[in-house]
Each structure stands twice: as structure tokens, then as C-alpha cells.
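One chain, subunit A, appears in both complexes that follow, with subunit B as partner in the first and subunit C in the second.
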Partner chain A sequence: MLRKRILVVCGTGIATSTVVARKLEEKLKEEGIDIETRQCKVVEVESMLENVDLIVATTPVPDDIKVPVIRTLAFLTGIGEDEAIEEIVRGLRGR
Partner chain B sequence: MVFKEIVKEKLIFVQKNFKENSDVIKFLSEELREKSFVKESFCDAVLEREKKYPTGLYLGKINVAIPHADIKYVNKPGMAVATLQKPISFRKMDDPTLSIPVHIVFLLALVDPNEYVKFLSSLTRSFSDESFISLIYSLDDTERFVESIKKVIK
Partner chain C sequence: MALNEIINGLGITVLLPIVIFFLALVFKINGKKAFRSAVLIGIGFIGINLILGFFLNNLAPAASKMVEYTGAHLPIIDVGWPAAAAIAFAGKIGLFIIPVVVLVNFLMYTFRWTNTINVDVWNYWHFAFTGGLVYALTGNIWLGILASAINSALVLLLGDWTAPAVQEYYKIPGISIPHGFSAAFVPIAIPLNWILDKLHFDKIKADPVSIRKKWGIFGDPIIIGLILGMVVGFLGNMKNLGSIQAWFGILKLGMSMAGVMYIFPKMVAVLMDGLIPISEGVRDFMKARASTRKFNIGLDSAILVGDPAAIASAMILVPIAVILMIIIPQNQILLAVDLAVLPFMVVMTIPITRGNVLKTVIIGTVIITGGLLIGTNLSPLFTKAAIQAQFNMPSGATQISSICDGSNPLSWLIVKLMDKSFGIAILIAIFFLFLYFYKKHEKGWEKIAGASKEYLEKSE
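So, the complex of A and B:
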């Protein structure tokens, strides 16, 4: 699988998205998936979609976005983390 | 080093009582401002952000909130924490249409989150440990609170 690009979205594009991005890099490496993350604020999402394979968001994002969105707090709270990784891996392999 | 910069006993407040989530945020912001961690505009920025993008995290029995604001309102990194005798309602980060009772508020003042990501990751990772969260919620001693947090930050 080629390197995948994940856009990590939170309210301000700083604190929570950074934690989620680092966690995703670590977890997906364990799954043997090469990813590149970018972070942004939820209001910037539409301008950040170029070459993005998947969006992982901690807040709701607009419904009309063309890229698949996984909304989860698992990488912040640790609750349901394995399930969220499975969902992300499925999402990335499906593309 | 990073840890010491962020968790300070003078910014930990245990077993407090407030009416609304804005009261907790105002109280903790004022503490951060008084000790020159943040600019005067920090409090309004946090309140405004909380309105648009709430930060309540549902963990189960004991829930937490991690309000924060843009780095431009911060002078130096700090974290003010309050445990609430009576839980206060915050809206959920992942679904702002729902509210949850919050027992512990971690008000984050970040300068460069990339530098502090290790700290934040450890902190948020500790949220999945129910016995840890229950323990820190039960403490009425700020020194033990800091010690306990220190143990989970790797």
C-alpha cells in the first residue's frame, strides 16, 4: 500500500489534533501502514482536502465533504482504540 | 523538565464547587493569568472556543473536560486543574448536542503543542485508566494530586 495521507481535524487544529496525529502514526506503523498526517481546524477542512485519503476528526465536520470521515475520541480517551484503528485500516485499504 | 513546566501544585484546585462550566473556566483562567501564564484575553478565548467546540470527554463514571484556546493567548505553558465536588455539565467534544456531567477540568495553556505532545498523550492516555481517574478525583490534597499525575506521565 502506498503512503496514505490522513487529515486530523479538531476545533483549533493544535492540541487535540496533535495528540491524535502522533497516536495514529504510532499505531498505524504497528499495522505496517505508512501514513503522513496533516492537522487543521474544523473551519479549514474544505481547503485542506487535496490528496487526503481519510479524515480523522474529534469534532463534527460538515456532511458534504467528499473524503471519508471517521469521527472518534478513541485516541484521546483510549476507549475503543483498537476498534477505531480497525475502522481506519479498513478505510485506508478500501481506497 | 517538560512535565515540571506544565504541572504545578499552585495550579491544582481540589474539591471545588461551581455553578456552571463558565465559572470553572473563569476561575482557572484567572489563576493562570495572575501567575502570568496567559494573557488577559485567554479566558474569553477559551469560553468562546468551548461554545463552538466543546471539550467534554465521556469516560464512563468520572468524566473530564480539557478546555483550551489558541496559542496566541498564552505566555508560557501551564495547566490549571480543578476537581469538582458536584459535577458540572459540559457538552461533548464529539457530539456537542449532548451534555455530560464533568468531574475534573484540565484547563490547558499551550505554547507549542508539538513539544508537549508527550505530556498530553500521557495525560489523555491516563483517561482510559478508570482506577487512576477515580483516585485523582477522590484526592483532597494537591501535593498527592501532583504526585499521582507524575506517576502516569511517562
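So, the complex of A and C:
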């Protein structure tokens, strides 16, 4: 599978998105998926969509975005991390 | 060699990583991971310090020239949340903040005073910031730690109080937001919202999505930075606009400020990266010990900031804040970095106004007006805390503040009360009265914080 690009979105593009991005890099590597993450804040999301395969967000993002969005707090709460990873893997493989 | 000499000699870029490393081991993080993250934290501080120096060295001279030519007396520079967070963690109180907040939370949970387990370790910095101001004021480290503890305890209650409203509006069951900045405005927003409803402002609806499209420019920090830098540069060069050099300077200042707005938060991300292992360690430690009854997991208000009404309100508030900065005679703050984080100021007002943009903007205007006065008032302590935390301040009389934490009414209240013993007694009384009346009329309180009757009945 080619390298996948994931855009991680939160309120600042700094705090919670860093936590999620590191977690995705760690967990998806274990799944054998090569990913590249970029982070941004939610107001920038429309201008960051080029070449993005999946958006993982901790905060609501606009409805009219063309890229698939997975909104999850699992990596922050530590509850349901495995299910979230599964959903993300499905999201990436489905494309 | 005395302990103080060692502390001062090492400096925060070495000392805090050492503290974090040992703390990480306590919370059972493996040594290799703990070591790397500790080093990253040191790197984060180096980055923030570099950008802060660049920022102040560029903006401060231009701002003082602007004062000369226009008479706009705005000598206090808004260094924003990246600097505030770094100052908070790098101060003496910051060294102790993680165990202090964990202990307060654990005790309150055990006594059934809170249902929130605040695992948002990064945002403990807000409490350390308040403590750091108290330490700058009193020189007493214990008073600083006590102030942080009281701040975190009050914010846990705010988190509990707003939990049903936040869960319902933002559709995030099991979560609460004990955020030192965002939650502080709830007690202000509730009565203002009540007044606005009496005046029928709730009937006027504005569409957040179209506002966002129209006002989008005020949501982009680099554009804010660019415009701000050029305007300050222009006003500072009023007397020699005929010279090409002046225009070079104006453009350069615009570019520099755009750069600061972009790079400054990125440096915080390095710090954040370094804090991840210990955050997870603390989270798992707390969750494992909080299994006796149901609890809400306390997270960062950043998870709410994507709300369209919050974004739209904050965009409109950017130009309003700039106008307020100019027309309020007592204000001395030159707004800059924190213009990018106004959404954090309104996210917990949104459930109260039920996503009404107009009401949120009016409440935000009142909050910012008060904030400019508070920030001006706290600026000497903010500046002193930065110097105590060994940040590079340009020579001369540069003063700093921020429109977010430097203007936080809850921090201000605590700072003003902490230097007298009866003031401390008042703070403790506020805590217990808050706790008593909230627990006594739980549902009623949660309803005025924005939860619907149906939701509260369902969640029983």
C-alpha cells in the first residue's frame, strides 16, 4: 500500500492533534501501514485538503468536506483506542 | 553549592527535563521513552524562547514608535498563550504542578466533591500560570502552589457544572471540560445570557456557516499577523512615509509577525510532544484509581473549538477586540498573538446561548472589555513571572501580557485575594459555597449552564 496522508485536526493544530498524530504514527506502523501526518487547526482545514486520504479530528469539522472524516476522542481518553484504529485502517484501505 | 544556585545555574531548559524525566519514571513510563520526551521538553523551551525574543525585538521598537506618533499608548505586548504556557511550566510552580493537580483531583474525587478526572495534563499549565503570578507577587512558593491548587479545584467544579450542557450540545458523552481558561467565563456568561434573553436577543439568528465564509480572514493567524505587523509598522513610520526605507520596514514587520503567528505555536507542539508519555502515564494512573464510581473524563476545550458557532463568533470578535483595544482609555495592551485563540474564550458560552452567534458575540465583547483591563492590571506580574522563569526579555522597559490567560478573570481574582490571609479565607469560602450550592441544586445549575431538561432527565 502506498504511503497514506492523514490530516489531524483539532482546535489549535497543536495540542490534542499532536497527541493523536503521534499515536497514529505508532499504531499504524504496527499495522504495517505507512502514513504521513500533518496537523492543522479546524479553521485551516479547507486549505489543507490537497492529497489528503483521511481526516482524523478531535473537534467538529465542516460537513461539506470532500475527504472522509473520522472524529474520535479515543486517543485522548484512552477508551476505545483499538476500535478507533480499526476504523481508521478501514478508512484508509477503503480508498 | 546551595540548591538555589544549582536551580539558577542549570536553567529551565535543563531543570524541567530532569524533573519531568523522574516524574515520568514515577508514573511508570519506560526509561528510554521518558528520556527522549524529557529532552524534547527542553527543546520546546529553547524554541519558544527564541521566537519570543524575535517577536519582542521586532514588535517592541515599532510599537514604541507608534506610541510616539499616534499617542496610542499600548506599551504592553500580547505575547499570547504559547509564551504564557511556557512561562507557567518553566516557573518554580510549574515544577510541582503535575503532582499537585493530580493530588487535588484525587482528593476531590475521593470526597465525592467532583465527578471529573482531569487527564488533560497539558492544560495544567493554566493552574501553574495563576500560581506563577502569585509567586511573582508574594515571593512565597507555598502560596503559589496553594493558588494553583485552589484554581484547579474551582475549575473541576466548573467542569462538573458544565458537563451535561457540554455533553449534550457537543454530543460527547462521558466528557467534561475542566479547562482553566475556557471554563472561567461560564459564571460571567450565564447572567449575561439571561439579560440578553430578557431583551429578546435570542430571537435574532445569524448563520454561522455564511459568517465563516465571509469573515474567514479573521480566522487565519498568519493573515492576522501580516496585517497587524504592517499596521503597527505604518503607524510607527507616519513621519517618514516618503522614504522607501520606511516601506521596506513596514513590509518586513508584517512578514515577521506572520512568521511569529505561524512558528510560535509550532514550538509549543514540540513541548506538547515531549509531554505525551507523561500525560498518558498520568491518565492511566488516575483512571485506574478512579474506578469506584462513574466519572467524566476531563479533556481540553480544543475538542469543542470546531463548532461552527464558536468559530463564527470568534471571527467577528477579532475586529471588535482591536476596536476595544483602541477605544478603551485604560487599556495598554497591544493585541497580537492571542487574537488567534478567541474561540477558546467562547466555546463554553456556546451551550449557554445554544449556539446563538449574536448573543455569544455580545457576551464575548463584555469579556474582552474586562479582559483588556485585567490584562493591563496583571501585566507587571506577568512580566515578572517571565523574568523569573528565565525568559529572554529585550532590554528596556518591555512589558508583556496576553488577552487569554493574562486576562483570565479567575486567575485575576485568585491573584488579588492570595496575598492577604483573609483573602485566602475568602477563596476557600468561595470554593465551599460553590460546592454546597451546586450539589444542593445540581439539576437547576446544570440547566442554566445550557443543558436541556430532557437531557438531564435522561441521564439520571
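As a working rule, the second predicted complex is superposed on the first by the 95 of 95 C-alpha atoms of A that agree within 3 Å, B and C clash if a C-alpha of one lies under 4 Å from a C-alpha of the other, contacts with A are read in each partner's own complex, and residues count from 1 in each chain.
Assume contacts are C-beta pairs under 8 Å (C-beta built on N, C-alpha and C of every residue); 3 or more make two chains touch, one makes a residue touch a chain.
Keep in mind the model is a prediction, meaning the values are calculated, not measured.
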| item | value |
| --- | --- |
| Partners on subunit A (subunit B, subunit C) - clash or fit | clash |
| Contacts of A:Pro60 with subunit B and subunit C, given as first, second, both or neither | both |
| Subunit B versus subunit C as contact partner of A:Thr72, first or second or both or neither | first |
| First (subunit B), second (subunit C), both or neither touched by A:Cys10 | both |
| A:Glu44 touches, of subunit B and subunit C: first, second, both or neither? | second |
| Clash-bearing segment of subunit C, relative to subunit B, as chosen among 205-213, 223-231 or 403-411 | 403-411 |
| Residues of subunit A contacting subunit B in one complex and subunit C in the other | 10-12, 14-16, 18-19, 22, 42, 58-60, 73, 76-79 |
| Complex contact set, residues of subunit A against subunit C | 9-16, 18-19, 22, 39, 41-44, 57-62, 73, 76-79 |
| Complex interface listing, subunit C residues touching subunit A | 119-120, 122-123, 170, 172, 174-175, 209, 212, 216, 219-220, 265-266, 268-269, 272-273, 276, 279-280, 283-284, 287, 297, 299-308, 311, 341, 343-344, 347 |
| Contact set on subunit A toward subunit B in their complex | 10-12, 14-16, 18-19, 22-23, 42, 58-60, 71-73, 76-79, 81 |
| Residue ranges of subunit B in contact with subunit A within the complex | 49, 52-53, 55, 57-60, 66, 68-71, 93-96, 108, 110, 113-114, 117, 120-121, 124-125, 127-129 |
